[in-house]
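Consider the two complexes below, in which chain A is the common component and chain B and chain C are the respective partners.
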Partner chain A sequence: MRPSRARGAARHAWLFVVPAVSAYALFVLWPIVQTFKYSFYNWDGVSTATWAGWQNYKTVFSNSQLLAVIGHSFELMLFFSAVPIILGLAVATVMRRFATGRVSAVARTVLFLPQVVPLVAAGIAWSWMLSSTGAVDEVLTHIGLGSLAQAWLGGFNTALPAVGVIGAWVLLGLCTVLLLTGMSKIDPMLYEAAQLDGASPLREFISITLPELRQEIGVCVTVTVIAALSAFDIVYISTQGGPGNATMVPGLEIYELAFYNRQVGLASALAVVLMALVLACIMPVQWLTKRGARP
Partner chain B sequence: MKPAHRSRRRGAPAALRWPAIATLLAAAFATSPPAAPPAAAAANPASFAANCGTKPVTLQGYFETGFPGTVELTKLFTKQYPNVTWKIREDPFAVITQDAPLVLSSPNPPDLMRTPQITGLVKDHILLNLDRFYKIFGWDKFPASDLEQLRVDPSGRPQGVGPVWAMGINYSMTGVFYNKALAAKVGIKLPPATLAQLDEDMAKAKAAGVLPVEQFDSAGNGGLIFPLQYLMADYTIAASGSVQPINAWVLDQPHATIVTHANLLAVEHLDQWIKDGYFNADANAVPYSTMMARFEHGQGLFIFDGDWESGNLDHNFPGKYGFFLFPPLKAGGKQAAMSAPLTYGIPATAKHASCAAYFLNWVQTNPAARALNVAVYGSNPGGPASLPIPPVKPGTVTAQTLAAGRVIAKEDGAMGFIANAAGPIDAEAWTPAVQKLFGGQITPQAVLTTVQADYEQELSAP
Partner chain C sequence: MIVARRNAVAGWLLLLVLMAVTLLPFASMFTSALFPSGTYPLGLSWPSHPHWGNFVAAFQDANMGQMLVSSTSIVAGVVPISLVMATLAGFALGHLKVRGGQVAFLLFVLGLTLPLEGVIVPIYYEMRDFGLLGSRWAIILPLIGLFMPFGVYWMRAHFVNAPAQLSEAARVDGATTWQLFWRVHVPLARPALTSLGILLSVWTWNQFLLAIVLVDDPTNRTMAGSLGAFQGQWGTNIPLLSAGSLLILAPTLLLFVLFQRHFVVALLQGSLKG
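Showing the complex of A and B:
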């Protein structure tokens, strides 16, 4: 009887899974497959498509403007990934050591708030702050650095870093909270033992905190790298890819190719390349963080 | 046992995963390629009664946000034709532009839609050919120049020839707006008679600590092409006597090029203005709305803009602003301005196409509608050349822009917007090019060659 009951339970389990799997297949997998298919056609979104073979992919890899757009994503990674994770580690460490009870709760809430604010609203607010009459330039002027004041989102050398700062602001809270949660799981005895051995706070951080946070750091890297590579909202609202094409990123380029230029095939090819790029960046991170993870 | 148990549950085994992906891909490629929607029966010409009849009709409109005048006109239309009611949806320009092909080809399209770009829609056969109304409504009495930008070859290009595919609610015109108080403060007499005088006025303003030009040029809104096109017109008229070469380029005429000596002089002139600091330093980060807000708050002696702001300035700041046409290169020379219809089209499968067309004709010919149009928009209401322009209060900005329109019509100086040539060339080529010029990233020659390259690529696309 037992094998037959087990098979029945398995069948019932599948029934529970079917709705979610169906929705996932319909709204995620099928559009991905369709995108892959469209990438082999020349199509304006309305008229009948014509077969293009690999031409759209050749264009993606030979068009200097499209390659520059992909390059911008890697520059953004510095701000979207490195800055929030490094700052997040620092803030989480300080909070774990010094902020307790209500102070810690308030700090966590304040840091996490950017995650709650819609990115469009954040983009608009930051655009105001980074304009030539905005808060950033006013502060600079008040502290005697008026010569540095400028329209940060309008300068060819400042626009991309300025967009990166907005991204770092959004993701800092998420990374901090994730890392704090990870720190709370670390056995306090490890720190006590280290302190008995005379370890400095820096040594504790390097030898205990960092290795124990391997998985959380992995999650942070994964989330932030995806955010950098697929950035759209912040760029669309703050610069629309300008000035020139200084802040153009793949997500926005795909949108413009598909809906303004009506080159659905080329947009789909760029989307497929972007997806492959995300996987190529994320899979090694996943593999590295899973190796030697906490049991 | 635990780890083994966990790994078994991690996901479907590879043996199952890859066939599943292969099956999905096979299913996708097995289906036919993306195809045009089945050709729906276009409105039957025989059924066109050239009016809205007497039975109740609900017209569906899809309009652009920020143009309340059109909604006001629909209300007036319902007042005159009570059997017609409206169901209106509004979206910003960007949304309308990107959604137009999908909306027009949908099974239930609106009856009337704002259509900023019509060439691609004509090529896809989703706009109604309005030539069937041409004689019924007497559009042959309309100025030919008003309809030129609404004509497109059925293949999608060139523009300027072929059937009429859309109509203008009105016909806007551009020039230079100025702040009267700042002009008095600087001590200049406007309007300048020549381009050299305008240069002098700007230099005087700069010397007096007044910003000569408040300019928008943020991404997606490359506003520097306004002064650029004025300058192109001046130098082109000096070289060839008319703005025809510019219009040929805007209308995608074969072999048209923008890489000319006259245009190079124009870009160099603009570059000199940039280097002289005549524009706000943050122009590349300033959207149109910010420019207007600053100008309305007294910042900037001039703005390069269109008569769609006339009504706003007259209503909210009476007597504070003035308007003049961009001055010619030589005193007494021909003047030119960008002029374009506020285009509305009818989907090929619209349910009430004849009623929508009747509305488009009514807007331009009905005296009350024309008066409302001028009062709200401040633009030329179009219509037959024999119809008078509704009277406006003398001395207002609207009076000045309407008078300027008559000068442009007389001198045949109307130009289409260079931003409207060849599909998405504004966002793709012009805006990045003028932004780079403003930022000192490219030379004047490179502005023209990069835009021309993009133009030719766009026109050669299948």
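Showing the complex of A and C:
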């Protein structure tokens, strides 16, 4: 009686998975297969495609402009990942040590706002802020640094860091709140023991907080690295990849190659490289943080 | 003692500066939105005669009523279907333990890291072949597929922890698998479903790339997509652009302030699990 019913349940159970798997297969898995296929062809999207072999991949790895584009996304990682995580650790420490419930609730809400607004709006607001008549230059002038004032998104050397700042602004709140949640799970006994041993706040931070937060830091790194590698909205709105090619990133390059230059094959090869790059960056982080994870 | 106080002051200062920096773009947009249309205001100055009419002008010029309708109907198309599909699959993979479920689950997990740019080109040609380019379905259908990895992952995590005794008791009472799912487990999953619903709604509302690639008409797009077009059109008219952006932000900000706790919890859990 029992086993037959269990088997019956399992047979029906498959039906439960069918809709999700079909939608996933149709709009994600099949397109992934197609991206691989396109990447081996020369195709303008209209006429007949011709076989290209590995040529598109050779172009991605030899064309200095495309290599620079990939390099840009690694530069963005500094701003999208390192800055929010380091600042987030500092802010979360401050909030945990000094801020009372009410203040820290307000701070949490404010810092979290950028997570809710569309990246497009963040891009619009910051393009205006970073322009030559914008708020950033005005603040700089007020504090006596007027000589630094410039159109940040328009300079070849300042544009990419300026885009990075926008990303850091978006991601700081998420990292802070994530780390704060992690900190609240740390056993207070650890800190009490450290204080009895006369440990300085810095020592406490290095020996207790950092190792205990390993998993949350891993999550922050994963989320922000993916955000940096697949940056599109912010760049599209604030610089369109310019000036020149100074802020061109893989996502925008794929878009322009495929839909403006009609080089679908090359765009797809870059897309494959981008997907591989994301996996290559994420896998080690996951492995490192899962290994010593809290139960 | 003195060191502790100095630390506290430095800490407070850092916190205040970062909060100010977070709010600065919103403040800057707000003051600029009040200057006469077509002028070049300075970043953070208050106009002598605030032009509140800019908000009305932006609302009409951008056809914002139509945008709201479009964005809302896209959310209404994406979110309920995604929730149903993700819940069904999450239940089967997490609770019924289907044979081969591990493989299916692994396939979904791999999709969690996928950058949308990796599949946008084939999705464009797929939608063209379906004859859907330019219609809202071109955004709705791919988004449902793209949300499946996260949705299934999320609901499976919930159902894995659902008590097995409950199902056994229901089985003894003669419940079919469907009754077990619909009558027993779905009502218990309401908190998980609410959070997932909020997340998917925000992500749909803010979806940009799909909107600009698949739909040309800004009034048929998501809010983020329309905002992009609005910038293209009014890029040099800072007061009007700022007013329009604020209007487009208003619904999400309002929702955020109202459902703040849900939002933060959902987004946090979302990134923790993803």
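Worth a mention:
Keep in mind that, in the parts below, the second predicted complex is superposed on the first by the 280 of 295 C-alpha atoms of A that agree within 3 Å, B and C clash if a C-alpha of one lies under 4 Å from a C-alpha of the other, contacts with A are read in each partner's own complex, and residues count from 1 in each chain.
As a working rule, a contact is a pair of C-beta atoms (placed from the backbone, for glycine too) under 8 Å apart; a residue touches a chain by one contact, two chains touch by 3 or more.
What you see is a predicted model, and the numbers here were worked out from it, not measured in a lab.
Of the two partners chain B and chain C, it is C that touches the larger number of chain A residues. Once chain A of one complex is fitted onto chain A of the other, the partner contacts of A:Phe156 are limited to chain B, with no touch recorded for chain C.
When the two structures are aligned on the shared chain, A:Trp30 is found in touch with chain B and with chain C. By the touch criterion defined above, A:Gly244 reaches chain B but does not reach chain C. In the superposed model, A:Ala121 lies in contact with chain C only, and not with chain B. In the superposed model, A:Leu111 lies in contact with chain C only, and not with chain B. Contact with both chain B and chain C is seen for A:Val264 once the two complexes are overlaid on the shared chain.
With both structures placed on the common chain, the touch criterion links A:Gly45 to chain B and to chain C. By the touch criterion defined above, A:Leu76 lies against neither chain B nor chain C after alignment on the C-alpha atoms of chain A. Of the two partner chains placed by superposition, A:Leu213 touches none, neither chain B nor chain C. The intersection of chain A residues touching chain B with those touching chain C, taken from the two complexes, comprises 25, 29-30, 34, 38, 45, 259, 264. Looking at the complex, you find that chain A touches chain B at residues 25, 29-30, 33-34, 36-38, 41-51, 131-132, 150-156, 239-245, 256, 259-262, 264.
Residue ranges on chain C touching chain A, taken from their complex, read 7-8, 11-12, 14-15, 18-19, 21-29, 32, 40-44, 84-86, 88-89, 91-93, 96, 98-99, 101, 104, 107-108, 111, 113-126, 141-142, 144-146, 148-149, 151-152, 171, 177-178, 181, 202, 205-206, 208-209, 212-213, 223-224, 227-228, 231, 238, 241-242, 245, 248-249, 252-253, 256-257, 260, 263-264, 267-268, 271-272, 274.
In the complex of the two chains, the chain B residues touching chain A come out as 24-25, 27-29, 33-37, 97-98, 101-102, 105, 120, 123-124, 126, 218-220, 280-286, 290, 423-424, 427-428, 431-432, 435-436, 438-439, 441, 462.
For chain A in complex with chain C, the residues that touch the partner chain are 5, 9-10, 12-14, 16-17, 19-21, 23-32, 34-35, 38, 45, 87, 90-91, 93-95, 97-99, 107-122, 124-126, 128-129, 133-139, 169, 172-174, 177-178, 181, 201, 216, 219, 222-223, 226, 229-230, 232-233, 236-237, 250-251, 254-255, 258-259, 264, 267-268, 271-272, 274-275, 278-279, 282.
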